[in-house]
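Next come two complexes built around subunit A: one with subunit B, the other with subunit C.
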Partner chain A sequence: MHDANANRAAQTFATLTASAVLVNPVGLHARPSVKLTQLAKGFTAKIEIALATDGPWTDAKSPVKVMRVKAPQGATLHFRIAGPDGEAALAAMLALVHDGFGEA
Partner chain B sequence: MGEIHLTGHPASPGLAIGPVAVLTSAAASRAAKGDPAQEAAALKVAIEGAAVELADLIATVHGEAAEILEFQVAMLGDDALAEGAYEAIAAGTAADDAWRAALDAEIAGYRAADEEYFRARAADLVDIRDRVLAGLNGADAVAKISGDSVVMGDDISPSTFLAVDWTRGGAIALAAGSPSSHVAMLARSRGAPMVVGLGPLPWNGQPPSLALVDGDTGTVIFDPKPETRRLFEHRMAAANAAQLAADAGRLKPALTADGRRITVLLNVAAPEDLAGLDPAICDGIGLVRTEFLFEGSRGLPGEDAQYAVYRRILEWAAERPVTIRTLDAGGDKPIAGLTVDGERNPFLGLRGIRLSLARPEVFRVQLRALCRAAVHGTLKVMLPMIAVPAEVDRANVMLDVEFAALRAEGIACARPPLGIMVEVPAAALCAEDFGAAFYSIGSNDLTQYTMAAARDIGAVADLNDAGHPAVLALIARTVEAGRKRGVEVSLCGDAAADTRLTKALLATGLTTLSVSPIAVARLKAAIAGVTA
Partner chain C sequence: MSSLRPGNVGIVIVSHSPKIAEGAADMVRQMVGDAVPLAWTGGDVDGGLGTNVAGILEAIETAWSPAGVAILVDLGGAETNSEMAVEMLPEDRRARVLVCNAPVVEGAVIAATESSGGSPLAAVKRSAEEFYA
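Let's look at the complex of A and B:
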């Protein structure tokens, strides 16, 4: 869906940040983690998540690392995104969380 | 050896009887070990092979089972999982030892999690670990188990579970395990009875040959006496017949044999109880206990934390009515820093609404959170342990004050109707005198206060009978008061789930019963058998 090579210039992109509350019943568990990482992998941008604004930041494209975050229900999930399709990525990630990963 | 009774936690309902099959971790060790490059290549092949096996398995299953395996595939496909193993291999460790150590470290991280849900995922990681190890060692990944067995062990992996044909009547009994595990979810959806948390199994060497598993109560009996077995088989036959009828009706509205519509609501002790449940099985939630918010060492919960939980439950219910009970602490539910220690008879002491009115600074936080949550669905609020009308009046005034304050602050809110839990005989006898928006009969306490017998005191437990005519008379009186005042009456105690009482309860005029999710199908089936 995105041509990863089209924008591979050595330019830097503004880092976008935003947060959303995990509303689905048991937090960022197995199925949501898989959905989150699958969505993240669709973007060229570097996408990271954290439970606090000052990190530690976790690669949102790695299900193993996302599960290590153990984000519980009700937690605020912070995003830090940088890349050519950063804005689209941020919008998509927030929509996924707001939507309760389709299972709230 | 005499029969052995073990009690754990129910993880999947139902009864089963079968020969015991003990899970063993047959770890065939690898014959040879190569240089680091060969070991790394062997691990890579084993991981890829495991992913292919899982993909093949996914093609044979549907829905929840497929999603569980897809999680394993996603984890296996992530280089981060094997990072530590490859580092150890580069330093000279054998592939199987390196992989086992890396996964054991990952598994330890899950087991140390605060949340039950994440702890339960350890079984999936064990599954991944063992599948790759089997590939490395050239062994079969999954032990062959006959589907009519009672499978026993510390824990069981999703792969092992899925390899068994559970339609043949088997069950699972685990020393450890969790009701939140993927296997427990699968067992519930496949109808395999499962009990977890039995603790260390009390035999050395020779395991028992036969087991009776009661997934409803969480008990297992090993090597039963003939009489025990006969009684159990009798119960099984009755339960199987009931289950057949119940399964057909779980998603349908509850109707009596003569066509009377009965409202079936859910009792919920924590939001996790709703995970994976289809709201269509119920007409709403009849009781949300809020004590879970106040338990643990984190101190009393703030307004925002309570609001978030209430809101989530209301959103799950999707406009179906949800009745949330204000804090019912005291009695057998002490809460540090809130309830009174050392009361001579805590069941007759400062508990329920009495405690809330005595601690208004705690109560008003809950009322504010409830008003804010009320905009997200159809919320009703229930006061526990009401004995006299003045208690309801005082709570109504407090609710008015908090609602007005929120509005003045410009915060989104609504004023939920305030009803009472009828569990003190005085409230049942004089129900008409209460300015309550609804009545919900708490049959557990109503029974123990009426019969003056606690159900957890064995010597008097047989007096604690919710079907006693005196208790039924109080229920009927409450129903009559509701009819006269034009307000709804429901029953949310354990009696609602006791299908031996369904006929008697409906005969009092009750048309709304609230039970735990696990009892819905059985209750609907029992209702369908009631005439007039």
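Let's look at the complex of A and C:
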């Protein structure tokens, strides 16, 4: 059992990237930041966001760091995700942005 | 986010002003949802500005969670009275209550966000304190 777990932990996952435009009127302000963080925390994958493809990358599970990104409406939010549930995480994160965090 | 999960760390808001404490709690409920045990207290026993130990103890009881409770405070007396309240708790609960060194409003929202994701007490405190980092 220990060996199996060790193998699983050592396994590397492909890094998935995608982007979405922030459509909600106020961009990534406090409330959307909280929603994004809460959603990200539901996945085991490492989830990062950035305003440009070359970063700087921010841990999407940290509410303080996500708020500091201060992404305005119309900004493109890039995602970089790696983990066993990475694909589901990416789909969920993109859906949240597309839906304007339930505000648009 | 929709239902109360008793396994999540509880949040207690302590301000000299009951209006600030209640308003901060409103922000937590609106922004983070109902998944986190939450209580607030503010004002002295005569209804003036201040804090009181009995009120803080009651709030800790209301927001109690087996995962522990993170307390957000505003100024001086709120912190010392919160520490006094923690001292008065039964011994088995004392170690599971932490006063955060964070701004009361922002810290409460961040701590609750962290808690709503199921994070342990130490992580909740650390996240709230990132505001001063």
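The rule we apply is simple: the second predicted complex is superposed on the first by the 96 of 104 C-alpha atoms of A that agree within 3 Å, B and C clash if a C-alpha of one lies under 4 Å from a C-alpha of the other, contacts with A are read in each partner's own complex, and residues count from 1 in each chain.
Assume a residue touches a chain if its C-beta (ideal position, glycine included) is under 8 Å from a C-beta of that chain, and two chains touch if they have at least 3 such contacts.
Owing to the predicted nature of the structure, the values given are computational and were not obtained by experimental measurement.
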{"item": "Clash or fit, subunit B versus subunit C on superposed subunit A", "value": "clash"}
{"item": "Which of subunit B and subunit C A:K41 touches, first, second, both or neither", "value": "second"}
{"item": "Comparing the two partners subunit B and subunit C, which touches a greater set of residues in subunit A", "value": "B"}
{"item": "Which of subunit B and subunit C A:G83 touches, first, second, both or neither", "value": "neither"}
{"item": "Touched partner set for A:V26, first subunit B, second subunit C, both or neither", "value": "first"}
{"item": "Subunit B versus subunit C as contact partner of A:P63, first or second or both or neither", "value": "both"}
{"item": "Partner chain(s) touched by A:G74 [first = subunit B, second = subunit C, both, neither]", "value": "first"}
{"item": "When the two complexes are fitted on chain A, the stretch of subunit B hitting subunit C, from 74-82, 308-316 or 398-406", "value": "74-82"}
{"item": "Residues of subunit A that lie at the interface with subunit B and also at the interface with subunit C", "value": "30-31, 34, 37-38, 62-65"}
{"item": "List of subunit A residues in touch with subunit B within their complex", "value": "21, 23, 25-27, 29-31, 33-34, 37-38, 59, 62-65, 67-68, 70, 72-74, 104"}
{"item": "Subunit C-facing residues of subunit A, complex", "value": "30-31, 34, 37-38, 41-42, 61-65"}
{"item": "Contact set on subunit C toward subunit A in their complex", "value": "1, 30-33, 109-110, 113-114, 116-119, 127, 130-131, 133"}
{"item": "Interfacial residue positions of subunit B with respect to subunit A in the complex", "value": "67-68, 70-71, 74-75, 78-81, 106, 109-110, 113-115, 117-118, 121, 124, 182, 271-272, 274-275, 305, 308-309, 312, 315-316"}
